[in-house]
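Two complexes come next, and they have one chain in common, chain A, joined by chain B in the first and chain C in the second.
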Partner chain A sequence: MITQGSSQTGTALLYVPGNSFIHRMNPLTKLVGLLWLAATTFMLPPGGMATIFVATFLFGVLAGAGKAFIKRLILTLGPFAIFLFVIHGVLIERHDTIQHEWISFSPEGAQYMLKILVRVAALLAASMLFVTTTHPANLLKALDSHGVPPGIAYLIASPLLLLEPFSARARAIRDAQQARGLDLTGSWKARVKAFPALLIPLVTLALSDLDHRATVLDGRAFRARPFRVVLDAPVDRPYERWLRRALLIAIPLQIGVLLWL
Partner chain B sequence: MKFDTRTLVLMAIAIVINIVVGQIAVWVKLPLYVDAVGTVLVAILAGPLAGAVTGVLTNVIWGLVSDPTAMAFFPVSLVIGLLAGYLAKLGWFRNIGMTVVSGIVIGIISTLVAIPIIVYMFGGVTGAGTDFATTFLVSVGQELLKSVAIANLTTNLADKILTCVIAWVIASRMPNRFTASFPFYQHSAS
Partner chain C sequence: MALIDIDNLVFGYGKAAPVLDGVSLSIAHGERIAILGGNGSGKTTLAQWIAGSLPRPGMTARSGTLHAEGKPWSDWDALKRAETIQFVGQIPSQQISGFAFTVYDELVFGPGNLGLEEAEIRKRADWALDTCNLRHLVERDPFTLSGGEQQRLSIAAALVMQPKALVLDEPTGNFDPESREKLLNQINQLPEDLTVILCDMALKPALAIARRFLLLDEGRIVADSDAQAILAHPRTLEVFGAPAVTEAALAIRAAGRWPEGKPLPLTYGQAEALFKEVSHAHG
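And now, the complex of A and B:
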């Protein structure tokens, strides 16, 4: 259960190339900013959360990622808003529920639904601003240049590099099995049977590469030194370092205030 | 704890398997996620810590590449990895019967971790097929928390049993030459 129902819409990167102010910021500053925004959304009233949403959305548009933002927001928030409205606005009975013939509506429920919706929208927009303006390779360089051990850097970088070849391999296995008569559109029994026929070859092939990959890594002595040296590390301006420190202090303070109130 | 290079490579491959298997589940149009196969496989072969790290990184990487909301559910993956590893250590992945029981335990506990995230962060809605079941249960008068719990537990039990069985089949069919280099697997070897 990765997301308890993520849309599972392929594996292509959401990153949108560009040279905007947000693109040029150090990835770690953006990451800390995202964490701070996430902590802040839980403290603010719906109006404040809506402001964060609008601000991050506008920054996204200015960064040239407006299309990606709109697509993702519609795909994620569309069904989400419908179910939230039906459950909280219509189905759950509250003291202010208004019954009109066969349909009921609760203004308080709709208000609660709006609160959840703008919070998720703000969190989603903030995450989108980070992922559309930060290439994973740059994030990795930023982590490396701040002394992250090579083993951890490998665990983050390698899956990002393997995703596309593995997706292509899975598609090739699907096509080959379908050519041999595998039915992906039949009864649920046929589809349950089809699942291992697609999965097992993919996993077996992936694991058969394991020894080779490990030998190559060891051959390169990739963990011979505790830290990797980055030749073209992302620029880290002094004001960004101060901003990160300030936000890192603010996050636990905000959480503390939230728990006390 | 420092993982050896083979374990690191296994974890990286398992993260990719988790993400790509989600895609296969979409192709066969099954109402299941089955996206913790890699996490459970790592937990069986290399232990609870490796399983937990694999689970957390799967959510972080999925969040970075395609669906930012995935990051909110990292505690669920962490618990799946830890639990699968500890159950493997107790020998609960030695045969198919015990593996199914492991799937039930992991399904129940991971649902308990997921429910507060779904209810308090997302208002009981996930954007997936379980929302239809949640909506139905609320419409027949169940409380929201109960509805989310029942809807997700039902799906999650089937999902985690299937996940554990697939991971067990893969691990038990790997050649001895492969599993011998993962000393933790001795807890699950039949």
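And now, the complex of A and C:
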């Protein structure tokens, strides 16, 4: 029963509430579309990959997720671009390396770096479009309503849901250990020494939680039947089903062509 | 046939002293029973046995048996067991499935696993939302709720399974007095044929819900009686104290001024009438 615009769901999610065309698409169609785009980026020249990047970015903006897109892309691609440039443009010596004063630079290396960067940017933007327009609850319902075993859906849901309580517990352990005199502000050596005092209770409590959670799931008859009954499953229009089938056929064909050439 | 039959159950973790030491107990359908005891008395372990969470590999009884409607839990399939008994533990955040992003989805998770019709799932969820006063939280992420709200949610999630028995392990531990009163009233309004087994180390919730009381001490049942007898038991007073009105009556009785055969008051309402009677009797 996820309503668009619900603001009280977990803060760890990148989902941006909205009612755009992409928001309304069935999550499985978007997931298959993402897989198809990922396969396609390996076939296209840099210009094609850049087109995918720009197109997905624009779709993201139209879906109302422009801010989230820009923030994540800068945070991820910025350091990655610098790293790639240093490795391929400067450090790796190529036949066209130009030595200028104290720095060497390879135009071919920079071109290669751009190729990788554009591909990663296209993949990242496509993934961002998926996560910002798909609430995980809807993805779970779509998986459940298509007969995907509940265990697989649980593997997707539980990390997203448990991330926040897990972080809160980590903070509580840190505060409790500091109150008992654990020094977390000293040298890096002191911090490394203090690390087990934070990690061990966190892992122990997480394992204890697992035991309880397993009991709860048993009590609620989880996996007692091969499939679950799902309420408010996302709409799956006939054209989306056909589109998914077409894309699922295209993906192995594209990979085959890529390997053949 | 009894809902639960336990015969001389001895159970301990590893090689340590037994947590349950020769427990024998029979629980009938529709009973409202409180298992009382101090810290480490074995309440939670007994509750886990009753609910079928035990035995598990490496955690088996040293001796004795437990039968639910005539057969051990190990002979039950997961579906039937979930429809028969539900357990709500002490720590609210550990009672959440980790599968649902909203309170409503948490509620419909169990019935969805049972494979019920959609209309039936919605009907049950609506009833549980009202019973546990959760309607205003329906869109919230279960992990962002307060401890008391999470506890109400876990009770509601157990109720939507429509079990024959509900085992509650210290259900009001995270509640303020007002919320506790509300929850106890709500539990009292549950269908009469639902067996409620409450484990607690506080007398007040037990007195509000139960009609039969067990006192567990070092893994043994030392009393199995009604409220009057349990309050008069010396271990009850040592472990829990007594409600203030009962304490006052006990002091009057110790002074030899309590009428022979008169029951001790458990609530303020009962105390008012009884104290007036005692006061008149002694001028």
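Everything that follows uses one rule, which is that the second predicted complex is superposed on the first by the 248 of 261 C-alpha atoms of A that agree within 3 Å, B and C clash if a C-alpha of one lies under 4 Å from a C-alpha of the other, contacts with A are read in each partner's own complex, and residues count from 1 in each chain.
In this text, contacts are C-beta pairs under 8 Å (C-beta built on N, C-alpha and C of every residue); 3 or more make two chains touch, one makes a residue touch a chain.
Bear in mind the structure is a predicted one, so any value in this text is a computation, not a measurement.
After superposition on the shared chain, chain A has more residues touched by B, the comparison being chain B against chain C. In the superposition on chain A, A:Pro196 contacts chain B only, with no contact to chain C. In the superposition on chain A, A:Gly219 contacts chain C only, with no contact to chain B. In the superposed model, A:Tyr112 lies in contact with chain B only, and not with chain C.
By the document's definition of touching, of the two partners only chain B reaches A:Trp188; chain C does not.
In the superposed model, A:Ile98 lies in contact with neither chain B nor chain C. When the two structures are aligned on the shared chain, A:Leu261 is found in touch with neither chain B nor chain C.
Judged by the touch definition given at the top, the superposed model places A:Thr76 against chain B, while chain C stays out of reach. When the two complexes are overlaid on their common chain A, residue A:Ser127 makes contact with chain B while staying clear of chain C.
Residue contacts after overlaying the shared chain place A:Ala206 against chain B, while chain C stays out of touching range. Where the contact sets of chain A with chain B and with chain C meet, they give residues 1-3, 6, 8-10, 136, 154, 158, 162, 209, 213, 217-218, 223. Of all residues in chain B, those touching chain A in their complex are 2-3, 5-6, 8-13, 15-30, 33-37, 41, 53, 57-73, 76-77, 80, 110, 114, 117-118, 121-131, 134-135, 138-139, 144, 152, 156, 159, 166, 169-170, 174, 178. For chain C in complex with chain A, the residues that touch the partner chain are 51, 53, 77-79, 82-83, 86-87, 89, 91, 93-102, 104-105, 108-118, 121-122, 138-141, 143-144, 157-158, 161. Of all residues in chain A, those touching chain B in their complex are 1-14, 72, 76, 79-80, 83-84, 86-88, 91-92, 112-113, 116-117, 119-120, 123-124, 127-128, 130-131, 136, 139, 151, 154-156, 158-160, 162-163, 166-167, 170, 174, 184-185, 188, 191-192, 194-196, 198-200, 202-204, 206-207, 209-211, 213-214, 217-218, 223.
Interface residues of chain A facing chain C in the complex, by the touch rule stated above, are 1-3, 6, 8-10, 135-137, 140, 144, 150, 153-154, 157-158, 161-162, 164-165, 209, 212-213, 215-225, 227-231.
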